[in-house]
Structure formats: C-alpha cells, structure tokens
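Next come two complexes, and both contain chain A; in the first it sits with chain B, in the second with chain C.
On to the complex of A and B.
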C-alpha cells in the first residue's frame, strides 16, 4: 500500500549532531576554537601565521589544516611554533564535523588555549557544514572583488566575524567598499569586521584584541 | 561538490523513517532546498543512484522543491525577492533586511510501499 510519511528533518542533522559533540569536547577542555573559511588565496594561512606569531608566547595554539592535498599549510603554521595537524580531504571541498572529530584524539585539548581550524579554500561548501567551533570567521580579500557577498550569500550570512584582508591593495584594484559592506550588512546585520593587511600588518591589532577577549571569556 | 555527503544523509534519514513504518520500498523522496543553499540536483541524483543500490530506496525518485530567497524590509515591511547584485529594498532602499526564506534544507516527506 502506498503511503506518504512526513519527515521534516534537516538533511545535515547528523553533521550538526557530531558538531555538538565536538563543541562539548572543546568546552570540557576549556579551549577556544575558530573555523576559518575563505576562497583560495584570501590569506587564511597568512592570518593564522601572524596570529600564532603574535600570541604564541602567552597561549598554547594548535591548528587543524584542511586541504584537498599536500601539507604546505600545516608546514607553514608548524614553522611558526604551533602544533599542526593536516587533514587531506582527498578532493572533498570542505571539512565536516566527523573529519574534525577524527583528528581530535591527536591533540591534548586541555593543554590548549586556542584551536584554529583552517577550512578548505572554498566559499560554498564549508558554509553548510558546522564543525562545532565557537566562532566562524570568513576572510574576504580585496582582489576577489566587491561583489562576493552578493554571489555567496550563504557563506556571508553564516559567519560571526569578517576579516577583510589585503587592504594595502585598495589603491590598485577597483573595489567599492560601500557596495561590499552594504551586501554584508544586509546578509549579516552588525557583523564585526576587521579590515587589515597581513603584509603591512595594518589593522592586525584589532583582530588580535578581539580574539584575546573571546579566549579570556570562553 | 558536497552532493555525496548530502545524498548519504538523505539515504540515512529516508531509511530510518521507512524502517519505522515497515516499508518494503521507498518510491519518492521530497526535498526542500532554499536558494541560499548550494546544491546541484542532478549531482545528488547521480550519487543517489549509486549509494541507494541494494536498499529499499533503490529506484526512488528524488523531488527537489526550490524555495526562492525572500527578504523582508524592516523599515517599510515590503517583501521581495532580491535581485542578483543589489539586495536593498526596492521600495525604500533600506538595507535593514531580514531573510525570511531561502535557507531551507530539509527532507520533507517520503512515499513508501508497505
């Protein structure tokens, strides 16, 4: 007999459930966690390197690096003094909560103050997969263009802070900051933003201060 | 390109509900996806055909209901579908907007044979 059954269940509910388990582990260990997302080349690894360099004296930091192949990024962050774990997703375009969960036993979470997850460079897929981290950070960069909030609303609407990297290139590339910010503001009202340059280090202090405050209170 | 994990999740959820109802076959699956969620229907169906083999969901037809994104202007209460490169309110140009539709991403129902 044919029959119709109502389901109404979020398609990624299992991922969300593992994400909650990750969060519980982080909270239990007292480690503050970030999920850093951006398109390839926006400056994820550069921002992480600088963050480690500036904070490594006072904080124990580890990085989980998601990439489709290679350990270039993990090597870079290890070189500046953080514990680094590489996840090669083997072509998968994002990290999911289970992939992160598998790596956590390799870290002594309770010895850490800050765990940074560097997601795969992509503005689409990572937005759909919660990892359980405390804050999701998006890095936009000036050469990508000012239309990105309009083209990737899913990503821009789901993050807790926005870093605008490569502001030192503003004199050289067409980028209408008002147009960009208008799109951001509609999708994510009141979103905290950090215009900065990982090259000149302009604006880095604001980012670090924001982060330090959060680590202290979490 | 995250259609494979999406297809796997769909299968898991559909089988769970079908088993509860003691179904012998799942014939249709109805999925609701908002415009702000990025999923390629054909690609999900492609993975589905592979992973559902030898389950009671083999040969099930996937139906995707697409929900266009809809914004509500908090200033003048205008409801509208945003255009591609300007999200502000077409009536009053306000940017004080609430997204009221377009984020949907769920399995709505399944049709089964018992």
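On to the complex of A and C.
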C-alpha cells in the first residue's frame, strides 16, 4: 500500500495536469481568469460583488463559487448580474482543477472576458491546488491580525496580488501594517498590494484599474 | 492501489484510536482538556491568553499550540505564564491525535489542571480529527460575518461550546445575530454560546465560570 505522501503526490500531479488543460481552454477562449483565496469572512464575495457591479457594463463576467455547503455566495453574485455557478465540495477544504473542469462546459467561455473562481474559505489547503487560472489573488482582512503572513507562508508566497480588505476597521483593532508588510515582503518580494474597504469602497479603483489592465493585455 | 476515500478512512480510524489513548492519559492524570478551533485570526490565542491570566493563580495550565509555521502563539502564551509547546505542522491544515500524543511526554500531566490545545486556524479540516480532548470549543468572530454556520456546518455541528468573539466590532460591521444564531441552532441545538470581546473583556466572566465548573466536576 502506498504511503500517505505518495498518495498526496499522485493527487497533486494529476491536479496539475488538469490545471494545464483548464488553462489551455481559457487561453483558447480568450478569457482572463482569477483564483481568489482567503480565510473565511475576509471578503471574497464582497470584492467579487463590487468588481462585477463596477465592470459589468463593459465586460462579460462569470463566477464559479466554491463552498463546503450552501449557494449563498453564488446567489449574492447572481444578484448583481453575473453568471454564477456554485460548487459544493462536501467536506473538501479547497477547490481542485477537476472540480473546476467539470463546471466549464456550463459556461460559454468564448463569450466571457473575465472568469472569477472564488475558492473555499481557507488559508492553507487551496494554496496546494493549482486551478489553471491566470492569476491567484489573496485577500487578507485587517481584523484577522497582522501576523498572518508569518503563520500561513504557503498561501502568502504563492499569490500574484494581495488585497488587504476592511481597512475601515483599522481604528478599532490592533494591526501593525509595517509588521504585516514586512512578513509579506519576506515571502513574496515586490508583491502588488491593494489596501481597500469593500464597505466604504476606499481603494477599490486601484484594484479595478490593475485588473482591467490585465484583462486587456493578457 | 486503494482509492482516496479508503486512504482517508484509514487515516481517520487510526486517528480515533490514538485520540482514545490520549483521553485515557488525560483521565488517568486528572487533567481537563480543551481543543480550541477557529478560522485564522478569530482570537484563539487572545482567548487563551486571557484565560491563563485570569486562572493561573488557582490552576496549573499548559497549552499546546498548532500552527503551520512560527512559534508566535506559543511565545504569546508563555509570556503570560503558562507552559507552552508549539507544534509546527509544516503544510498540515489541522492537528491530529498523533501530533498531540507526541508532545504529551514533555508535559507532567498529573501536575496540570487544564491543558488547552490551540488547533491550526481553519474552519474545515480540524473538525474531522478528534484529539481526545474533553471538550471542543469553536471561536466565531463578528467580522467574519453571520453566514459562517451555514457555510461550515461540519465545524459548527461538532463542537461543545461556541465563543462569539469581537462583539466590540458589532457597531462597525454588518452582522445579523439572529440569522447567525438560527444557523447555529439548526446544526447544534442548544449549543452554549459566549458572546464576548477579548479586547474589552466584556462577557469573559461567563466563559471563565463555565470553564471552572467543568474543570471542577469532570
């Protein structure tokens, strides 16, 4: 019987292969794709809602929402006008490339400009499973505390951009931004960051402009 | 080659066996034990710090801290006067019974009144792995949002008490307490809850009184 490490390595290798197939489908269709990750309640769905509201006039957007249970997130996303597909993972703590691949036939990819995948709320497991998306985005949240880069290095080191959400709560919680950013820089030097608030919309324009540039040029 | 489900079942069955061994060691030594779980940044270490500060005069307390990386949590706990052991899980998203079992020889269990295990910050994976502790505590956090019971049913249904931390942030974030509690009640009817703030210390006495009663009578 193979040991646990071998089983995990086989799973990850198979996952990478399907992720490559996903990427090929995205590139063929000319759709730009994001994998948004964060711990529970950091604001993934809120950021996606705002992004859709602001860009839906000029872009065709779809969202694939991953959750253990419920269609709360897909319902929220659909309510602001995007095509939304909910994946319920059962007990699984992350999306994998095959789960995403299974949903792609439901979307007309070549009609889309942007496909956003909202991963399961978890700062650990999603980091190990490539989905084939073009960019990985991590959302940190001010009330989570400033030590998270140090404690979840796998997640912080593997992403292409970092949204720092809930900056409106900075006056009410202890959060040393310099300490936080030092941790980020150790793991992922030069990582682009977007401090913002999905409540007040402060900082949202910088995020949208960055995203629009990527959609245009990738 | 066994399939993934079989491998996972084997792992969980082996884990339950070691959890029973842990429980036997705790009972033999007469030490009451807690497994504290939550998503990243909900306030596990803060609640443990306060619990130690308030009870350390009358009780001998030790803490085993689980994290992917760093000894930040164990250092915080040691700073307030408890014996603290840090487990770094590497990539693992939860503690398991064997990891805890490995650390027990470092503690003089029969000298202790209370052993607190702080699990890895994650609302999914720790729910599947019994550690052998007497009670499982979940900490929810107001800024995480009121939909978490619905989205993480495995975690909410499997615990013996629920701490609702950061109630001082209620004026600044959208959080419908009735909706939240309805979700908790569906999954875990009659679950004892402790709304509190580790910042202002509001509500802390109820938590401490509940804990003291358990330590006395279990």
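What we mean here is this: the second predicted complex is superposed on the first by the 207 of 218 C-alpha atoms of A that agree within 3 Å, B and C clash if a C-alpha of one lies under 4 Å from a C-alpha of the other, contacts with A are read in each partner's own complex, and residues count from 1 in each chain.
In this text, a contact is a pair of C-beta atoms (placed from the backbone, for glycine too) under 8 Å apart; a residue touches a chain by one contact, two chains touch by 3 or more.
What you see is a predicted model; the values in this text were computed from it and never measured.
Look at A:168: by the touch rule set out above, it reaches chain C but stays clear of chain B.
By the touch criterion defined above, A:14 reaches chain B but does not reach chain C. Of the two partner chains placed by the overlay, chain B and chain C both lie in contact with A:154. In the superposed model, A:125 makes contact with both chain B and chain C. Of the two partner chains, chain C is the only one touched by A:72; chain B is not. Touch criterion met: A:96 reaches chain B, while chain C stays clear of it. When the two complexes are overlaid on their common chain A, residue A:178 makes contact with neither chain B nor chain C. In the superposition on chain A, the residues of chain A contacting both chain B and chain C are 1-2, 4, 7, 11, 93, 124-125, 128, 147, 150, 153-154. Residues 1-2, 4, 7, 11, 39-41, 67-70, 72-73, 91, 93, 120-125, 128, 141, 143-145, 147-148, 150-154, 166, 168-169, 172-173, 199 of chain C are the ones touching chain A in the complex. Chain B contributes residues 1-2, 5-6, 9-10, 12-14, 17-18, 21, 23, 27, 31, 36-38, 69, 71, 84-88, 95-97, 99, 102-103, 105-114 to its touches with chain A in the complex.
For chain A in complex with chain B, the touching residues are 1-15, 92-94, 96, 124-125, 127-129, 147, 150, 153-154, 157, 182-183, 185-187, 189.
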